[in-house]
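When the chains are written out, they are named A, B, C and D in that same order, and each has its own residue count from 1.
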Amino acid sequence: MLGSSRIRTDLAVESKEKFEKDHVEIEGVEISEDYREELELRTTVVKIVTDYGAKVMEKPKGTYVTMEAPGLIVPDMDYHREISEQLASHLQQLLKLKKNQSVLVVGLGNQNITPDSLGPKAVHNLKISRHIVREYGVTGMGEEEVHAVSSLVPGVMAQTGMETMEIIRGVVKETAPDVLIAIDALAARSMKRLNCTIQITDTGINPGSGVLNHREGLNKETLGIPVIGIGVPTVVDAATIVHDAIAHLLENLEDSEMEEFLGELITPKLHSMFVTPKDVDETVKMLSYTISEGINMALSGTNA
Amino acid sequence: MLGSSRIRTDLAVESKEKFEKDHVEIEGVEISEDYREELELRTTVVKIVTDYGAKVMEKPKGTYVTMEAPGLIVPDMDYHREISEQLASHLQQLLKLKKNQSVLVVGLGNQNITPDSLGPKAVHNLKISRHIVREYGVTGMGEEEVHAVSSLVPGVMAQTGMETMEIIRGVVKETAPDVLIAIDALAARSMKRLNCTIQITDTGINPGSGVLNHREGLNKETLGIPVIGIGVPTVVDAATIVHDAIAHLLENLEDSEMEEFLGELITPKLHSMFVTPKDVDETVKMLSYTISEGINMALSGTNA
Amino acid sequence: MLGSSRIRTDLAVESKEKFEKDHVEIEGVEISEDYREELELRTTVVKIVTDYGAKVMEKPKGTYVTMEAPGLIVPDMDYHREISEQLASHLQQLLKLKKNQSVLVVGLGNQNITPDSLGPKAVHNLKISRHIVREYGVTGMGEEEVHAVSSLVPGVMAQTGMETMEIIRGVVKETAPDVLIAIDALAARSMKRLNCTIQITDTGINPGSGVLNHREGLNKETLGIPVIGIGVPTVVDAATIVHDAIAHLLENLEDSEMEEFLGELITPKLHSMFVTPKDVDETVKMLSYTISEGINMALSGTNA
Amino acid sequence: MLGSSRIRTDLAVESKEKFEKDHVEIEGVEISEDYREELELRTTVVKIVTDYGAKVMEKPKGTYVTMEAPGLIVPDMDYHREISEQLASHLQQLLKLKKNQSVLVVGLGNQNITPDSLGPKAVHNLKISRHIVREYGVTGMGEEEVHAVSSLVPGVMAQTGMETMEIIRGVVKETAPDVLIAIDALAARSMKRLNCTIQITDTGINPGSGVLNHREGLNKETLGIPVIGIGVPTVVDAATIVHDAIAHLLENLEDSEMEEFLGELITPKLHSMFVTPKDVDETVKMLSYTISEGINMALSGTNA
């Protein structure tokens, strides 16, 4: 498919779909799927194991867990709690925490723009324990096994004048956590995935991800510690929906003709706009709660 | 005009443009324009004086002042203050306040969604005086002429379970203001007008206006007192940008053919999404300040 | 006790204590207590049944349920949920709702001042249904019995220029709910009750209650419908703690001597200040959730 | 002076007053005063120049500028702007910036608790330029001389699990600013100074300052770069007002007797509470604006 390579997606499951559409199997990419009917929850695990696979998928090597649960857009507390438990379970597998380790959780994005505030909101619900563990020891929380949890909301470059990476790198060097969890709002390729898909990956958060530009990736290479990325698509790039509508209209044209049309129609201005559902406020509030509960469960050791 | 009747605009100046494009003059609609070069400010006054004009323009009879100032998206405090003064002057002409009258200012919209929070944010900056005037008399504010200013942020139906109209009607009956000013975020037809256009009208706020549905209009007919509407377009309907891209692509097709295409492509789902610029947070903060300062100036009598 | 009559309390349980201290039984006041050890929850029901009782207690006739649970200041989600259930049960007894009635829930206070934001915050977590019931009928929520729940955050006079009472009366007249629930932050007499006491009363919210002045009471007399008040003490009047410290110091003085001292020492300025714990932010967040969940349970009919 | 040493103050001008009361001149402390009648602005400059002076004043050596302006509690924009200009002028003298230097501005405190949110609120109004200077060079802002301004809101330990110092040290090492400005809400000794006093000092922010504990000082010794502290007292420790009331009552007692009384009466619990005016919301909003405008002026070079 032409054009689609120009329109980015942060979801490995969407990269995968492009190839399925063309009935292509990709060497170096392992895919497994699971569907839990009672939760209407489809979980896809994409493992990119070779450099070739990474190149084709346009994503770093690593594991990408995608939970698709249309029920997430409904404000049903009990349902969200069950999804939190699933999330906790996947998170624990990717975190591979040893006893009494320290975890820094970072909420990326602009807390003043609703669809970009998922990370900061999720961080606000976390159970923070690092300062207690440091003051009273690992038994200070009244539990046997305790991870020292700290959190940071670094803000965005337009507000701070600093790249998110600079702030996080400084704090990581100073406080030396064993692992980083980064929560971010993502851009999806398809409107149907908005606000009902959670991606968890051990590859961190990488360039082009999220609503705003994060210049360099947050990952083991750049930070020196494992980075787990948790993302939910809350917006679609405005250029994407125009692209899709027109591609649909022109699907019988030759690829080269379509490319010409699209080049003219999709102006740079469209890329400075985002599309988001009108009920984004309520939905982001629920989702941030679901994610933070999942992290709380994963780090308290009660969901192992 | 095809299609355009399906895609709504809240701006009279955009209704006007449709006809100019077709070189049509509309009976019953008077238009005057003014351009102040030093402010890059284009002010258009559209007066709809006959029922015929209202029908063609798809807007109630009345006066619509539109201030277009591309500079509004730049955070220059002094520039914004000059626009506030222009706004104050137009507002005073439409308000026609007599000595010591009472004004209720209503901030419409959802304060938790950035592009819809313009009204609530603007209301938070207002100088409120009604309670002081009631306690200490018109000289209580230390000025000769004083209007009793009160304000209300009614919220949106999904949060309150009540129509905005019900809440405002109840408060208007109980507190009997002489005039209502309603501030709302609008949907624009064109991306180029986002966040740099202010519309002031003596027709109030009417159905289909704003990001969210306000079932009934806020106007003299429904509330029994004059209603001045102040609006700024902060979003474009997601369907609009798809429509425009395709219309541009297909401009050589016959109208009937295009209608067919558009009917298929613009799905109802698109209408539940909105498009907004990525820097909407900063911009809405500045704009709400500019509007509230304009109202403060208009009601303090220092800008007459 | 001298002086104590000058220092107000919003809690019936504190009025009661004054008399117990003096071993006085009050005619026209019925008191029952219950202690649930596993929840560390003490529930006191004070019924003021005669005018004499009302005069002595300085509170209107009616029922005052006070839940004291020191555990409320700990952020334990499961514990808070159990308290929500207890609250729901008391609320249902006082509400005496018939099938398919409508309830307006009002969050009093200033949402920008942490200890006064309990009401607005609690309202934000409510399940709002009135607009759905009106659109789709009582079966629209997918349950058999449904109350039409609406909500309002009226703001405070310094922000609106209107008395809270004017706004609520207007909205009640316009939307005609069957019963009103008003949530407010209260001033306590004793620091030990801050943020761990919930009072529920069928007498509404009455003058002098809350952090800010609500000129007239919200009750059946003023609004024409039953009013249930739910309050949590989040502040102590600054004058109170000075009074108490000095009364303790001077407890061997004669009453008339003490009165003289206190008159000099407790300046009016002290009454424009409030005292609140340094961790008020987290605590108010949890409490508002506990109260809103209690209301959600009471109105969904699942806790009957 | 008994007792007063136990009750802390963050204001050098209050330390000074203790000695004036006793008609004591302190060696190693230079004091100059200025009163501008048209602004009702009293400016006191306290210079602690010797170790002896530092010991007696219980403050580090350095310069402390205190601006006392009762008018600050009135929401008069023009007045606040004039105070901003005065602040800018003092700030420039303490900053001693050379051409094209970089400044990191840190807003200390908890943004969710109104009286502690002064620092974060002030930071939100700043003109941030570091990212633009880095991208487009010093001429990128369209001015000749440009300082690269960045900002950070580190949060508080209960939210982050990290000490404020750890976060700031990490970010300072990573981004290497030439100077740090730290804005904090302070605790005052006297209620009359609340919200109408601004202290600017080249000694940074030091232990015991502010509403919350900042374990280590932010100063040249700990951070390696000059630190300018800007503080406004927004709360009084609850223990202070009890202490003062009783000290006033007992002023004829011997010091040793009073100490005994006070030891019994001022419980540790009182120290976990704070006292703040009921109108703190509006006032903190205005003050944060005044401070940020002062910083903006100082760093833009237009007020030199």
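To be clear about the criterion, a residue touches a chain if its C-beta (ideal position, glycine included) is under 8 Å from a C-beta of that chain, and two chains touch if they have at least 3 such contacts.
Every value quoted in this text rests on a predicted model; they were computed, and no experiment measured them.
Colleague: Considering only chains that satisfy the touch condition with subunit B, which of them also satisfy it with subunit C?
Modeller: The shared contacts of subunit B and subunit C amount to nothing, since no chain touches both.
Colleague: Same or different for subunit A and subunit B, when you check if over half of the residue numbers at their contact belong to both copies?
Modeller: same
Colleague: Can you work out the whole-Å distance between the CA centroids of subunit A and subunit D?
Modeller: Each chain reduced to its C-alpha mean, subunit A and subunit D end up 40 Å apart.
Colleague: Centroid of subunit A to centroid of subunit B, CA atoms only: how many Å?
Modeller: The separation of the two C-alpha centroids amounts to 37 Å.
Colleague: Residues of subunit A that touch two or more other chains: which are they?
Modeller: Answer for subunit A, listing residues that touch two or more other chains: 158.
Colleague: Which residues of subunit D touch subunit A in the complex?
Modeller: Within the complex, subunit D touches subunit A at residues 124, 128-132, 148-153, 155, 157-163, 166-167, 169-175.
Colleague: If you look only at subunit A, which of its residues touch subunit B in the complex?
Modeller: Per the stated touch rule, the residues are 110, 112-114, 158, 191, 211-212, 236, 238, 241-242, 245-246, 248-249, 261, 265-266, 269-270, 272-282.
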